[in-house]
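The data blocks that follow each hold one structure.
Note that chain A is present in both complexes that follow, paired respectively with chain B and with chain C.
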Partner chain A sequence: MSVVDDEDATLRERLADEPVPALRVLAVVAVLVAVEFGALANLVMSLPWDAVGAALPGFLQGAAATIAGVGDGLAGLPTLLSRSVIDNAGYQLPSGEWVGTFMGLSPAAAWLLRVALIYAYGFVWLLVGWWSYLVYRDNYRHADWAPVDDMVGRFRNHSWGLFGLAIIFAFVVLAVFAPALGPTTVDANIADPYLHSIEYYSEETGGVEEIYVGDANGESQSRGQGGENVGPMQYDQYDRFHPFGTLPSGKDLFTFMAAGARVSLFIGVASLVLAGGAAVVFALATAYYKGLVDLGIVIASDSIQALPQLLVIMLASFVLSGTWLANLYNGGVVLALLFGLTGWPGLWRAVRGPALQVSEREWIDAAKSFGQRPSVTMRKHMLPYVVGYLLIYASLTLGGVIIGVAGLSFLGLGINAPTPEWGRAVSAGQPYVATPSWHISLLPGILIVIVVTGFNALGDGIRDAIDPQSDVETGQQDQTAAAGGGA
Partner chain B sequence: MSRWSYFARRVLLMIPIVFFGTTITFVILRMGPIDPAAAVIGASGDTEAYTSVRRSLGLDQPLWLQYVDYLRDLFTLQFGYSWVVNRGRPVWELIGVYAPRTIWLGFWSVMLPLFVGLPLGFYAGLNPNTLSDYVASFGGIVWRAMPNFWLAVIFVAVLTQSEQLFGFQWESWLVETNIVTPPELQRLWVPENFFGAFKAILPAALVLGSASMGNEMRIGRTAVLETKNENYVETARAKGVPGRKIVYKHVFRNALIPLVPIITGEAFLLLGGSVLVETVFSINGLGYLFYAATINADLPLVGSLMFFFILLSVGINIVQDLLYTLIDPRVGYGGEGA
Partner chain C sequence: MVADSSRSDAGTAAEPADDRLLEVENLQTVFHTERETIRAVDGISFGIAEGETLGLVGESGSGKSVTARSIMGLVDSPGELLPDSSIRFDGRELTGLSETQYESVRGGGVAMVFQDPLSTLNPVYTVGNQIEEALSLHRGLSGLEATEKAIELLEDVGIPDAARRVSEYPHEFSGGMRQRAVIAMALACDPDLLICDEPTTALDVTIQAQILELLADLQEEHGLSILFITHDMGVIAEVCDRVAVMYAGEVVEQAPVVELFENPRHPYTRGLLRSIPSTQRGADRLETIEGEVPTPNAPATDCRFAPRCPEAFDACREVHPEPVPVATETADADADHTAACLLYPEDETREQAVDRHAIEDAPPGAGAVDSGGESR
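Our next item is the complex of A and B:
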């Protein structure tokens, strides 16, 4: 094909011209999806479809029911990395033999195997993502070279940033695969322990007995000095394995933490999408129009920032606590909204500088005199420059949001009570910090420190990649962002 | 534009900010789904009491009139009364009782990072890429990632059990103090009282200042690294100015400029963060009062406290601008000078 063709061709035409590399990527992705298809279908089916179905007109309801049946069937398909394939629940006979676990392994070994496999699977996805970027860059992109190539190159050599990326990757896998990673499920162990039962070998009766999970939890509590304690990497008396030990109520801490990671990640990402979207739109508008628009947004953002963020969120989540909004995702949606609404001024201040800078460039002037619509100018000529800076502060802010959410749930606010959240574990373990049950408070806290450090490191890495000259932080956005309103 | 007219303009801009901040609070309190009068009465649901509370809060007026009254009361500093937390007591009196503890806590959580974090950062900046630099830098990064409430929980547990853990008792060390009570702030000019109050607040202030300490260290380090290579430092060295004098007169003073907004910004963060730290350490300060007022639905008290916080934060901003105007002569000359 000729060079001229190449310049004018759309992405679709370029794909049609040379389909082989893209098909190769697609094949690998298809395999990866196929082995986890059941889990994916399960996730889709776990959305509140009942509400949607009820809203449909009558003649569609029959069709919807058929689709739901198919969906449920698909959700039941075996998946490679599920609890049922590599099971870590079982009991030990006096002979030392394990019954019910995967290939008779001990629960600890079975659980570790599953965790290792899930992380390997997640890592393969990461590699595939990188590979498809390379395929796109080498085969389908207009330009041979783009500034982003240099940024990616710089980031690849930034070991501190890569360290952050690795931690964030581990955190995201923990959140996404939470149901499969825990040694037991939230449903069985935390939410409805009296609707589920387990089998164990009883020495008294000399046979296999059944017991409600709730009753078993009563015997596996961690209550510090003199009391019972099930520490990290220990078994309780019903042969259940607890990688992080148990809570004072006897529930499994790792399952709790994994589910809590999901909640934290959801709130963090949702609030950032909201705050980041508002920040970018406002930054572009103020940089393009300046003058009164700029002044108005300065006053609006300063007014929001004059209110202590954590206190406003506390107040607003209390005021909204009785409404339907507060029950969406156990209160997660409200928190995401509040963190987004109070968080955009910080992000906007961070990207306002770069947006103003780029608006002074001659190509913006050229576009204006050329008669390009303002929205197109902003999107095509200003946005790409601003997005990188947004990423830096988004990474720093995410850590802050996680701390803030944990702080609120530590006070018993925000996320509704039985739903796992990291701060609640810290609060539950508060009386036992200096006892043998230290793990309840300490492990969640250490996890928060690691994750927040990871987000900070990632932010540093992106900054150095985008703007290698500026290694001084002159603004105050950095630290306020990372502090989560001081929680 | 001169420096002082720049400053005056900044102060003038604070007025709409106080106004809009108060409006946001009004919207949350009066236009939200919670009826303040019903919340004050609680579950008992006595109709007569309800109407009388409604009347004295002015809730029977139309909304715009409520808004005008609300603004007028707050801007004339009539903060009204507490309805639930401390029934019938004027809000000003409550602030008078609770604020000194928060101010004491806030003062030390700004000062401690300054006197610990900054020197460490400057030291690391003067000795870059040595082992002590790495230890200090990494320590700072981890230290600032720690959630305050968690750190506070650990501090309380370790200090209350210091006898068993380290064989030394924190509570009776030098002066007798408790760990989870508000500090005694009477007669601070007596050295003994002062030291007692300082020791009582020390763990909480360290926790609340932890993020700032890490930040100031990092920023102090980069600031020293930057200024160390400036031309004027090299000139001074070429002139034969002794090394110690270069560090104090030329490096430190210029490295301090970027730190001003950081420090004032932190002073503001402390307002929000004090809720958690005060709760864990049982320091009955303003943050704790706000928390108690919120969970007990004492919305009139909440509204007045929020206005007080807005005034505080705007005040801190003005101080920051004032400091900037005094320290950095380049401020206010728009793009050309800076």
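Our next item is the complex of A and C:
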């Protein structure tokens, strides 16, 4: 510690004493935010605010609308990594020259450059996060050592966990930067293809022509046998680049997947926040009070678990379809709610054991013995021990939820139709699996497998990191808990 | 003394109850399991005066810790206190208090030092943080003020360099330091009664002596009453004013400490004393009491020590002994020495004595004597 003489200072005082490292971190963060400020605002605005707005009382709705206007304005700010800066849309003249793309690069190269930059940007954020942890640890933290240091140390040596982290990082970047990552946008390519048009060089007329995206899509379908196919990393006849090929409808699969990642991540995280919150509260209460409280929750959770989760969600989403709830975030909110409400017993079961275990520890008795209130005892002395387990199981369950949502949309349920969802891509490509258009089902399928594996790996890594007894070498073999809980 | 012996309520014989800070009477704590009801504490009575240290001694499984937890109100289901039990602290009846009401007793009234200092301290918080938690609850201190007070308390319990150590984690403390910190935590609540549940058992001998000394000092300084629970007669000799010997959920002998060591009356107490190393000088090996403490699962209809008692006779298996005054002529007349053994009172014939116990046992548990055999 650099501030040896002032052990009792609060964090604020320590910051004031030695502001330089913190300011350095802040400066880097500010730069990072500045280059992407528009996109951040855009991301904020893309959340289902309508739902919030609708729920507000009348006099607040006006204010909300004002804020929404400001937000939209901010969202329109230019950003460094946006499509408009590094554009991959353009057409090729017979001379081979590209028109309209970033610095005349081919669309593939421009797109790859943008993807590389965006991932690099995301990676820088990751590094900044790590850096600020180090700065905090070395400069501002009260204690020289805290248990979390060991956990971080163990995780850093856990290659399987790091692999999971890398995949989840890639997935999250895909979801967060979806609008900038796709070679085109959901709006232009998927949702309203007849409101947007593109330019291309026509050999028939020998000049640049304009065509509706919808019409262009019709000419770039992937339908296997018939010879119509735009495979991965190919151009269609309008010089549009398709990293993952096109859907049977001719829409761009990568754009579809990126937007779908957002939907999956939203549903997964929202449902887990709900389920995890309920699970933790119930687990702490059962472990602290035991007896009747425990019994009541056991019965409630047993009743829920006795129901087939997917079937119930299917029924419920069918029943709810057409209500205002089902329209929030294109059905995403209702799915998150349903997965959360049916998912908490699994998580609760997972954390109840550890909670019961800590509740037997002597420091709980000690806290009780000096008259600490139950709520404080639970929060301060039990929660920290349960959170780790919750993270593990949440990570494992998230994979399950993603599979579950994909499964539902594979069956044509859940997310409302034009909104991209991975399962629908698998479903759309199903008739073409054994044809040249294999990519439609296979690529989303592989992505689902990879992402779910990544969440499981991350969960394993966190588990071994939390457990001081775990040996990093052997820890990887113990994957008993690795079964996804959602589906 | 003879007149005194007519009192049936012999367990609390000498002093009137209200004088004492803590008054435990007929405490019965049972645990319900599917197969049986375990009577972990089975009708014990004792009291602690202000500034006094009472030692509660016995083998593991004799119900000492359950007694402590009962006083703290920390008996969780499936355990419960039977309705006749009474725990009066500072004139206030504690049995039957709600959890919220109990919170006002815990800490500020009665604080507890647990056996294993490592597991009493939460490893994810600094020692200072945990002391400050108690301080904020009981003295309304927070922030810098609390930290200062915590450092002061750590100094009080003899932790060197307290200003630095206050921000260290429990694992950075040695075993003895941890126990000191735990004691500091208990003191932070400013209690009147401190319950020490085997506070030195997890420590090695030299450290143990230091902690005992510290407790004695603190007692003097703060005018604490202490309930000291241990299985170690040697420790009892060092710290206690009075001793209650527990066996299988019952207090079998109670006496001032000197009297008990000079004049152990109950065969179990004698066995315990014979197993202390220092009283065995010259002997080749320590004597031990053969066998184990039984788990009481029904009201007693016999002497629970009988299977292990070297002096047991036939009646011991049929009559449950009650505490009777047993002070010898040499001791103070008011020495408040009781033992629950059919051998006493010594000045009566064996039959008379047994009859007396049988009669005294009958009224409070009349039904129990009859039905005891069946209900088992």
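One rule holds for everything that comes next: the second predicted complex is superposed on the first by the 426 of 487 C-alpha atoms of A that agree within 3 Å, B and C clash if a C-alpha of one lies under 4 Å from a C-alpha of the other, contacts with A are read in each partner's own complex, and residues count from 1 in each chain.
Convention: a contact is a pair of C-beta atoms (placed from the backbone, for glycine too) under 8 Å apart; a residue touches a chain by one contact, two chains touch by 3 or more.
Please read all numbers here as calculations on a predicted model, not as lab measurements.
Participant: In the superposed arrangement, does A:Pro183 touch chain B (first), chain C (second), both or neither?
Facilitator: neither
Participant: When the two structures are overlaid on chain A, which partner does A:Pro308 contact: first (chain B), second (chain C), both, or neither?
Facilitator: first
Participant: More chain A residues touched by chain B or by chain C?
Facilitator: Per-residue touch count on chain A favours B.
Participant: Have a look at where A:Gly340 lands relative to chain B and chain C in the superposition and call it first, second, both or neither.
Facilitator: After superposition on chain A, A:Gly340 lies in contact with neither partner.
Participant: For A:Gly260, is the partner it touches chain B (first), chain C (second), both, or none of the two (neither)?
Facilitator: In the superposition, A:Gly260 contacts neither chain B nor chain C.
Participant: Give one of first, second, both or neither to describe whether A:Gln372 is in contact with chain B, with chain C, with both, or with none.
Facilitator: second
Participant: Counting only touches as set out at the top, which of chain B and chain C does A:Val426 meet: first, second, both, neither?
Facilitator: first
Participant: In the superposed arrangement, which partner chain does A:Gly164 touch: chain B (first), chain C (second), both, or neither?
Facilitator: Touch partners of A:Gly164: none, neither chain B nor chain C.
Participant: Under the contact definition given at the top, report the residues of chain A touching chain B in one complex and chain C in the other.
Facilitator: In chain A, no position sits in both the chain B and chain C interfaces.
Participant: List the residues on chain A that touch chain B in their complex, please.
Facilitator: By the definition above, chain A touches chain B via 298-300, 302-312, 314-316, 318-320, 322-323, 399, 403, 406-407, 410-411, 413, 423, 426, 430, 433-434, 441-442, 444-445, 448-449, 452-453, 456-457, 471-476, 478-480, 482-487.
Participant: Which residues, counting only chain C, touch chain A once they are in their complex?
Facilitator: Residues in contact with chain A: 69, 72, 74, 76-77, 99, 103-108, 110-112, 114-116, 119-126, 133-134, 137-138, 143-144, 147-148, 163-164, 166-169, 172, 182, 185-186, 188-189.
Participant: Please name which positions on chain A make contact with chain C in the complex.
Facilitator: It comes out as residues 7-8, 10, 142-143, 145-147, 290-291, 361-363, 365-374, 380-381, 384-385.
Participant: Of all residues in chain B, which touch chain A in the complex?
Facilitator: 13, 16-21, 23-25, 28-29, 32-34, 141-142, 144-151, 153-154, 156-158, 160-161, 164-165, 208, 211-212, 215, 218-219, 222-223, 226, 258, 261-262, 265-266, 268-276, 279, 287, 290-291, 294-295, 297, 302, 306, 309-310, 313-314, 317
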